[in-house]
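Think of it as A, B, C and D in the order they're written, each chain with its own count starting at 1.
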Amino acid sequence: MSKGLNKNKISPPQSPLRARLYEIIFEAETKEGKLFDVVLLWAIILSVTAVVLESVAGIRFAYGIYLRKLEWIFTILFTVEYFLRIFCIRRSSAYIFSFFGIVDLLAIVPTYLNLFIQAGPSLLVIRALRLLRVFRVLKLGRYLQEFNVLIKALKASRDKVIVFLLVIMTVTLIMGTLMYLIEGEEHGFTSIPKGIYWAIVTMTTVGYGDIAPETTFGQILASLIMILGYAIIVVPTGIFSVELHHAIKTSESSRVCPQCMHEGHEVNSIYCRFCGGKL
Amino acid sequence: MSKGLNKNKISPPQSPLRARLYEIIFEAETKEGKLFDVVLLWAIILSVTAVVLESVAGIRFAYGIYLRKLEWIFTILFTVEYFLRIFCIRRSSAYIFSFFGIVDLLAIVPTYLNLFIQAGPSLLVIRALRLLRVFRVLKLGRYLQEFNVLIKALKASRDKVIVFLLVIMTVTLIMGTLMYLIEGEEHGFTSIPKGIYWAIVTMTTVGYGDIAPETTFGQILASLIMILGYAIIVVPTGIFSVELHHAIKTSESSRVCPQCMHEGHEVNSIYCRFCGGKL
Amino acid sequence: MSKGLNKNKISPPQSPLRARLYEIIFEAETKEGKLFDVVLLWAIILSVTAVVLESVAGIRFAYGIYLRKLEWIFTILFTVEYFLRIFCIRRSSAYIFSFFGIVDLLAIVPTYLNLFIQAGPSLLVIRALRLLRVFRVLKLGRYLQEFNVLIKALKASRDKVIVFLLVIMTVTLIMGTLMYLIEGEEHGFTSIPKGIYWAIVTMTTVGYGDIAPETTFGQILASLIMILGYAIIVVPTGIFSVELHHAIKTSESSRVCPQCMHEGHEVNSIYCRFCGGKL
Amino acid sequence: MSKGLNKNKISPPQSPLRARLYEIIFEAETKEGKLFDVVLLWAIILSVTAVVLESVAGIRFAYGIYLRKLEWIFTILFTVEYFLRIFCIRRSSAYIFSFFGIVDLLAIVPTYLNLFIQAGPSLLVIRALRLLRVFRVLKLGRYLQEFNVLIKALKASRDKVIVFLLVIMTVTLIMGTLMYLIEGEEHGFTSIPKGIYWAIVTMTTVGYGDIAPETTFGQILASLIMILGYAIIVVPTGIFSVELHHAIKTSESSRVCPQCMHEGHEVNSIYCRFCGGKL
């Protein structure tokens, strides 16, 4: 049905053991398959939690040795899983070079790398990427369809959002330059990039307050950009609402033309809008 | 009508006194029933206000003794009400273990507990839970239907919102880890949890400014997450708008014309707008 | 057409002079009427600007004497206008006690009061209320209809918004109490009202940063309330979007049933949904 | 097709060289025309980046001489492009006084001006305006239609948004005045303009925290304006969503089937979905 996301669904192998393993690891229809997914989900969450906790100085000093052991247990588990996946699939290259194949590999590599080179914290981000594996588990459920509708609405909104982001970029650039000239270095606006940073902080209504206008004219300009940022959010909201409305409507009417196989006909259509054949 | 929320509407008892009490306490159709609800509403608001005021040091020293007296008056009133509710209902266990039954009990227990153990401020939260009782009073009015439509739309949005929250969580985790590595401990990012906290503060556009990026690269990354957080709010907004639109439409259109079988009549319609027949 | 807002449209008087004045002051169809509106609009904006500028210490010391003269000129102008309005209208009491009648009176009273009593700055707010008079000028244009549609959508959203605000209030109360217990007085959470203030600042994503959680558990709770506040905005947005969509649709199809005079029929209706007669 | 934005599409000249140049510079159908657009896009982005980087003190000292050379290269390139545009168009005055003609001129003038007068940083903003030229490149693609739909929806929302902004302005003025009176100069509210600035910072949920209420009554008022600002964003969001929905629907449904006269065909439809006839 959803062709775009099924690149990973590679045809199952012939040998009974591999076929059985394939069913457990890649599918979620059987009882064992579901259990495997639940265990995997918890292993991912626990291993990511361990990475996060290890970065807290107090915990690292007190329990660092246990966390490192846990790290190795999870890494070995994920390594076994990774090779089982390669083993049980017919065309293993298709898996290895797929998005999830690369994420699965990145989930185990950093721990082994640490043995040879003292890379230290720079591998933390890669280890945190493990969380991406959570999506693999969700992929196999009813969330897939929801995800597809969201992606479809986002894709349909893309062109309008690009135009919108270009306007935002131009406004922040011009506003940032103006504030750099008005406020000057003595009020924290030391360069145009700093001004652009301030403009983004203000326009997105984040407002840290680390840099804030202090001159009267600067505050007037800041008020303008605030109201603009506050008002302009309605544009992408409206775009996405309308596109989502459309995406849901067309996904509901998933009728396929019997002549040309085109999808996406509206509920009250009588003839195919691509080939003119009767639906 | 609305089966989901009527778990508390337990069948009335037989004795005339209990039936009368039931009508006053649980229903709001009679004059006395309405009066009871209004008095209860004010008692709840006043008792919560007393709890809130007692926490202000100046007020506690000056009027603490009066506030404690007020506290006991409300507790005794609510205790009487609680036992009357148990008395007048036929199956009292159904009430006691219902959501509102537990909230009603929690509203009176802390004050009695304070007599025996010096629990001090930790019971404050439980006493503040009294405000939840306000919903009981609202439950008995036209707000119920509005609430049902909202709940229906929220339930329909649930799957999409879970996917959305997962994306947010993954983004904040990866961004928080990146900022921990880029900014380091000297700029306040002392651990990954701190980085995640900063990422949430930034992405939700709250922006306290207690932790803010100071390096150039950190500010570029912060700009990205700000724009992402600013733009991504459109996703749940769109989801909810569309689902609410759907929920209202289906709640309106549940009536079918007995003559022409057309659906889609508004709630206050008397005649079918397609064939003119009586609904 | 729009009965709700036309309370001020009182029947014109008979004498030719009064009728002429009425046309100029209350209507905007004639050339003189439009000119009067434009002059009034600028007089209001200038007088409010004078009030605002007078509060700036530097400007008050340098130009205070001129601003006070300007103040008197505008007050006398508005006084003349006020009595002309009373004079040219048939039932002057209807004007005097209408919303705009009271605003018009409040626009001139503070300056005269300052002659007798030294009220000082406390009359500033009343003088700033003059800006409300701007709406009178807009009332007489095409903005009226837009305003009516907005008001209609807001009214239709009211019940749902009340339920929504009650949820917000309960959440901020409970979260504020929790933070008061967790963070305590040493981190700025000196009382429950302070905690509630913090919860509102956080939930609305304003995030001043004057009070911010410092303990780990406090920051976890703060993250929760931030995500909640960020996500919960979708609820009123959705409500209002849907109601506005409905308000515009029904205002567009302003068809009136020839039998029962009911308005608000949808575009594709054939029979009146109130009396069953043919449209 | 889209008449509103095509003011710049001036009729091509007769001479073969000019016609060829016109095709390359103003159109994007030919291979050379597309290449020209891509080169121009990168030149604009690079020249703006150079301006931004020059403002960073460290980079200016180290690479200032190279950036100035780059500046001159881009200026000469843009000058040649500007005169080629004038040369190859039939009615050059139409181009010179169009929006993009003026932007193109402003992109080259500041560098030459710097030769004669020491204007220094004040010309930076004009040089940053170069980014506006990016829109010229986008104008020639599929983004034009998206832009038109957005502009159409914004225009349709205009009257409602003006009413909305007036309400915002009145609220911030009155709230700013109130806070000036309540908090006073000792808490940073030194004048009404400062109070209005604070009200805008708060209402748009930016919340720098440079000025924050400190008295109890000030914090209560601040809570009110925060909730108002948080809730009021739904109004323009709703307005824009509905108008955008309308704008897209009418832009889609502008095609009529020549056989059955049905409207409402999507942009990429080839056959009528009601009668099956060719569109």
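Methods note: a contact is a pair of C-beta atoms (placed from the backbone, for glycine too) under 8 Å apart; a residue touches a chain by one contact, two chains touch by 3 or more.
What you see is a predicted model, and the numbers here were worked out from it, not measured in a lab.
Any chain that touches chain B and also touches chain C is listed here: A, D.
Where chain A touches chain B, the two copies mostly use different residue numbers: shared numbers make up under half of all numbers in play.
Taking the mean of the C-alpha atoms as each chain's centre, chain A and chain D sit 28 Å apart. Chain A and chain B have Cα centroids separated by 30 Å. Between the Cα centres of chain B and chain D there is a gap of 41 Å.
The residues of chain C that reach two or more other chains are 193, 196, 205-209, 229, 233, 237, 239, 241, 245, listed in rising order. Interface residues of chain B facing chain A in the complex, by the touch rule stated above, are 159-160, 162-164, 166, 169-170, 173-174, 177-178, 180-181, 190-193, 196, 202, 205-209, 212, 216, 219, 222-223, 226-227, 229-231, 233-235, 237-239, 241-242, 245.
Only residues 48, 51-53, 55-57, 121-122, 124-125, 128-129, 131-132, 134-135, 138, 142-143, 146-147, 149-150, 153-154, 161, 165, 168, 193, 196-197, 200-201, 203-210, 229, 233, 236-237, 239-241, 243-245, 248, 265-266, 269-278 of chain D touch chain A when the two sit together in their complex. Here chain B touches chain D in the complex through residues 205-209, 237, 241, going by the rule given at the top.
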